[in-house]
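What follows is a single structure, and I will ask about it in a moment.
By letter and in written order, the chains are A, B and C; residue numbering begins at 1 in each of them.
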Amino acid sequence: MTAAPPLVAEVPVLTVRPARGGRWQRLPLKAKAGAVLLGIFALAGIFGPLVSPYDPSFQSPSLSLSMHAPYGAHWLGTTQSGQDVFSQLLFGIRLTLELAVVVGAIATALSVIVGVTAAFLGGLWDDLLSLTSNVFLVIPSLPLLILLLGYLPQQGQTPTIIVLAALGWPWGARVIRAQTLAIRNRDFVAASRETGERTWRIIAFEIVPNEVSLIAASFVNTVLYAIGASVALAFIGLADLNSWSLGTILYWAQSQQALTLGAWWWFVPPGIAVALIGTGLVLLNTGIDELGNPRLRDARASRSARPADPTPVWQQETPPRGPLTRLAASFSRSALLSEQRERP
Amino acid sequence: MSFILRRLAFYVGAAWVALTLNFLIPRAMPGNAVQSIMAKFPNLQPAAYRALEAMLGVGHPGSLWHQYVSYLGDVFRLNFGTDVLEFPAQVSTLLAETIPWTLILVGTATVMAFAIGTGLGIIAGWRHGGWLDRLLPGLMFFQAVPYFFLALIMIEVLAVRANIFPIGQGYGEGVVPGWNAPFIGSAIYHSLLPAFTIVITSMAGWMLQMRNVMITTIGEDYVVAAQAKGLRPSRVVLTYAARNAILPQLQGFGLALGFVVSGAIIMEIVFSYPGIGLLLLNAVNAKDYPLMQAIFLVITFAVLISNLILDFVIVAFDPRARTKEAV
Amino acid sequence: MSSQNWSAGSGPVLDISDLSIVYAAEAGDVRAVSKVSLALNAGEVVGLVGESGSGKSTLAYGACRLLRSPALITGGAVRYQGRRAAEPTDILRLHADELRQLRWREIAIVFQSAMNALNPVLNVKDQILDAVNAHLRMSKTEALDKTSTLLDLVGIPRSRLRSYPHELSGGMRQRIMIAMALAADPEIVIMDEPTTALDVVVQRDILAQIVELKETLGFSILFITHDLSLLLEMADRIAVMYAGQLLEVGTAAEIKREPAHPYTRGLLRSFPSLHGPRRDLAGIPGSPPDLRMATAGCPFLPRCQFGTAACERIDMTLAKVASSADPAHVTACPFVLPDTPEPGKTHSAAADFAEQPDREVSSA
């Protein structure tokens, strides 16, 4: 969709905002919430295993500690074989994040290489690379992942990383190709080409710096995909089941009937952890989107400020009746504006 | 109709890539699949062994090219070889038994999730800043929950504890499969909870996407023009804003279909639903390679065909697609 | 060009008075339109001219209350008095439903870019029918007839009814936009740069058509453009807008003969006339002020070659141009300027200008 210039574009100053406060303050609320959420999990992943109370694989010999509900010594209870769920969770967060970040980095790098190359070489190469990305987008990845992993020996994380990264690039490549094509035709790039600048220099110094937010969004998306896919794959047993990731914890909890036996503390925490990491990533991405397209931001305004209503008229504002309505109305844009105006 | 023809050519190409990958993967992967199967099933009959060889290309029966040609021929005749687990059952028979279950459950639920999510997205986009926007963080959480995890929680809460829904399976015990009322009733009853789970997990994504496209579309001149024309709000929202906003949404649906369907299929496992997902799990656990490969092909083809159907929908919605170049 | 009676008699069909519009923004409100008063008489063509960002479109769309959040009308009135209405209505006091009935029926708009203003997924017939059905009580066949007649009116073959916007040329789309604007027999048509996106030949055809349609159907036109020379040819009166304020209003003849405001003079020199000898394009150096700042005095001062210290304190009310015989020719600039301003010549006011090095600080 080529966006028509909105009516407000009549006033160009609207889009230019002076740098007020730090970078952090100017981030959309959603991006902040996502970053905080992810920060907590990153800290848990980095430092968790160092401070974890038990070895996650240590099986308590005491029979009474089999599937014990949470209490002082085991904050999240124990598994069937008396392992500490909290320790497993800390190790699991580390392994899952590690895998997702590595996959995200490799796949995003592939996306950038394929996307930029296709846009820059053009012609047959572009057709070929675009076709390849589109084909791999339309072929469902999970069954293909299962097939590939089914043939690979399950030792360590490497097979999963390779396969996830190999199938995780097409979406990003498609988006980056489109953006590169757009930038390529802008004046400053055309100027560099005229002056005989080397292609790789143009790519490294003109194109890629202009795509940072797109590459960031692509990375976040790929990490999200890697977490979802790796957890699902581990859940059906296609992972190194001797290691502790959020997916393998879920696999063991499920195969030992944790929920049926009432051991929610074994099954629920890893699932919630996956969901919260995912929520953090989605929030972060929505925030990045809003940074590029401020219209998507929540209009924190009264009913009258909704996009499709007639332009509100400030002077006509009828005084609100009850104290509750007054409180609610005090959040409205027109009330804020009138306050600002009354202040000297 | 050149748009549809071009898309069709693209899907045929994509199908060929999938077929070829499927052919190459067992031949390129390290280790000997047949040996590992033999180790697992020492009593395998020679006939099954030969079937495996032909399918997986071990033992080099003929040149690679010959293998490829005969493999393509087999696939076209829907001959996916013999199953290892339930020898001498044909893989195609197993598929035929499970595909209808998945098609009805996952198909209906995915389309419903898309429809509901898109509808809510229209409202959220039009009433930008309204109460639906406030639900967004919660919806993002649902979007990020693994399908199977939510499925298990649903079973625990709604089936085991509250006893509203059956715990799993495709139909009740003692019901004879067939075209009879008790069976169909039981099948529908058993599909409610899985369908509900698919809908609430995938709905949020569609809603969020539609909301964002709507917000962008509302800023377009033709929506302002529709308002300037003094049209009823419902007409402005549906015929001017949503009618345009749904086009990228439909394209996104096509691209995400593979992912959504895969997730839904994994969820079948949790519900012990007799569909293709459960079959896939069994195949993975038993290292039943021919079956895994066939399932990969089936899911891929289903997604490709759905995409083609979707292209017809896009053409019906977008007059420009009738003349536009293929994606 | 008969507009002597605009202040007397039946009164204007649209009377905008003291209209102010802001765009609320975190970094400070943008005062897009400040206390603008402008009247449009029945059958008249009023041209609204200004650079992009001068607030001319904001003024027109704001008067119809079509601006979206964060736009807010902070004061003024927009009185509409059509032939079909007994009483004048203040558009700013209408509820959404009343407003909907007024829109297009009384005030229609021809958008700047027909490509963007036509719904890409509806065919021409449905889009025009929508406008007809929203305002006129007609049977299906009558409405279809009306739609076909409208196409005849703008010279588009009826076979195009089933076409979609992307199948039409730019000129055709703009004509269809005009046909659509006339669907409910409006009293006023706002034309927002209707020909800017078209090539010169098509542009001339369409302008001629607009004038012809206006003569036959008798609607009034508010014509928004950045092209003053075009207005000199087709408008009865011209209003010059800058930084959200009106700087000068007068008949086209007066503006052409005796532009009173330095900005108007600058505009006149910026464009080559469509007829007549080509002149050098003398642009106005500098750029419009930041509308987030409250400005005292004349907003054009930083770019004005005649600026004086007094300009910082003038209240920007429109007053009769002293040298003109026409009482309707008004300007915000209280100074009588020399006839032919040449860049090299130093005027006494320009000397003041040089003695005021801190001039820009006070306006910021």
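FYI, contacts are C-beta pairs under 8 Å (C-beta built on N, C-alpha and C of every residue); 3 or more make two chains touch, one makes a residue touch a chain.
Quick caveat: nothing in here was measured; it's all calculated off a predicted structure.
A comparison of the A-B and B-C interfaces places the larger number of contacting C-beta pairs at A-B. At the centre of the protein atoms shown, by the Cα-centroid criterion, sits A. Separation between the centroids of chain A and chain C, computed from CA atoms only, is 47 Å.
Separation between the centroids of chain A and chain B, computed from CA atoms only, is 23 Å.
Centre-to-centre separation of chain B and chain C, using mean CA positions: 55 Å. Chain B has residues 218-222, 224, 227, 244 in contact with two or more other chains.
Counting partners per residue, chain A has 4, 6-7, 299, 301, 305-308 as the residues that reach two or more other chains. The set of chain C residues touching two or more other chains comprises 61, 66, 68, 99, 113, 116-117.
Across the complex, chain C is touched by residues 218-222, 224-232, 235, 239-240, 243-244, 247, 317-320, 323 of chain B. Every residue of chain C that touches chain B in the complex is listed here, in rising order: 61, 64, 66, 68, 99-105, 108-109, 111-113, 116-123, 130-131, 134-135, 164, 166-167, 180.
By the touch criterion stated above, chain B contacts chain A in their complex at residues 10-11, 13-14, 17-18, 21-22, 25-26, 29-31, 33, 126-130, 133, 136-137, 140-141, 143-150, 152-153, 155-156, 160, 208, 212-213, 215-224, 227, 233, 236-237, 244, 248, 254-255, 257-259, 261-263, 265-266, 269-270, 280-281, 284-285, 287, 289, 292-293, 295-296, 299-300, 303-304, 307, 327. Contacts from chain A toward chain B in the complex involve residues 1, 3-4, 6-7, 30, 33, 131, 134-135, 137-144, 146-148, 150-153, 171, 224, 228, 231-232, 235-238, 250, 254, 259-260, 264, 267-268, 271, 274-279, 281-283, 286, 289, 293, 295-296, 298-301, 305-308.
Within the complex formed with chain A, the chain C residues making contact are 21-27, 29-30, 32, 52-53, 55-58, 61-62, 65-75, 92-94, 96, 99, 113, 116-117, 290-292.
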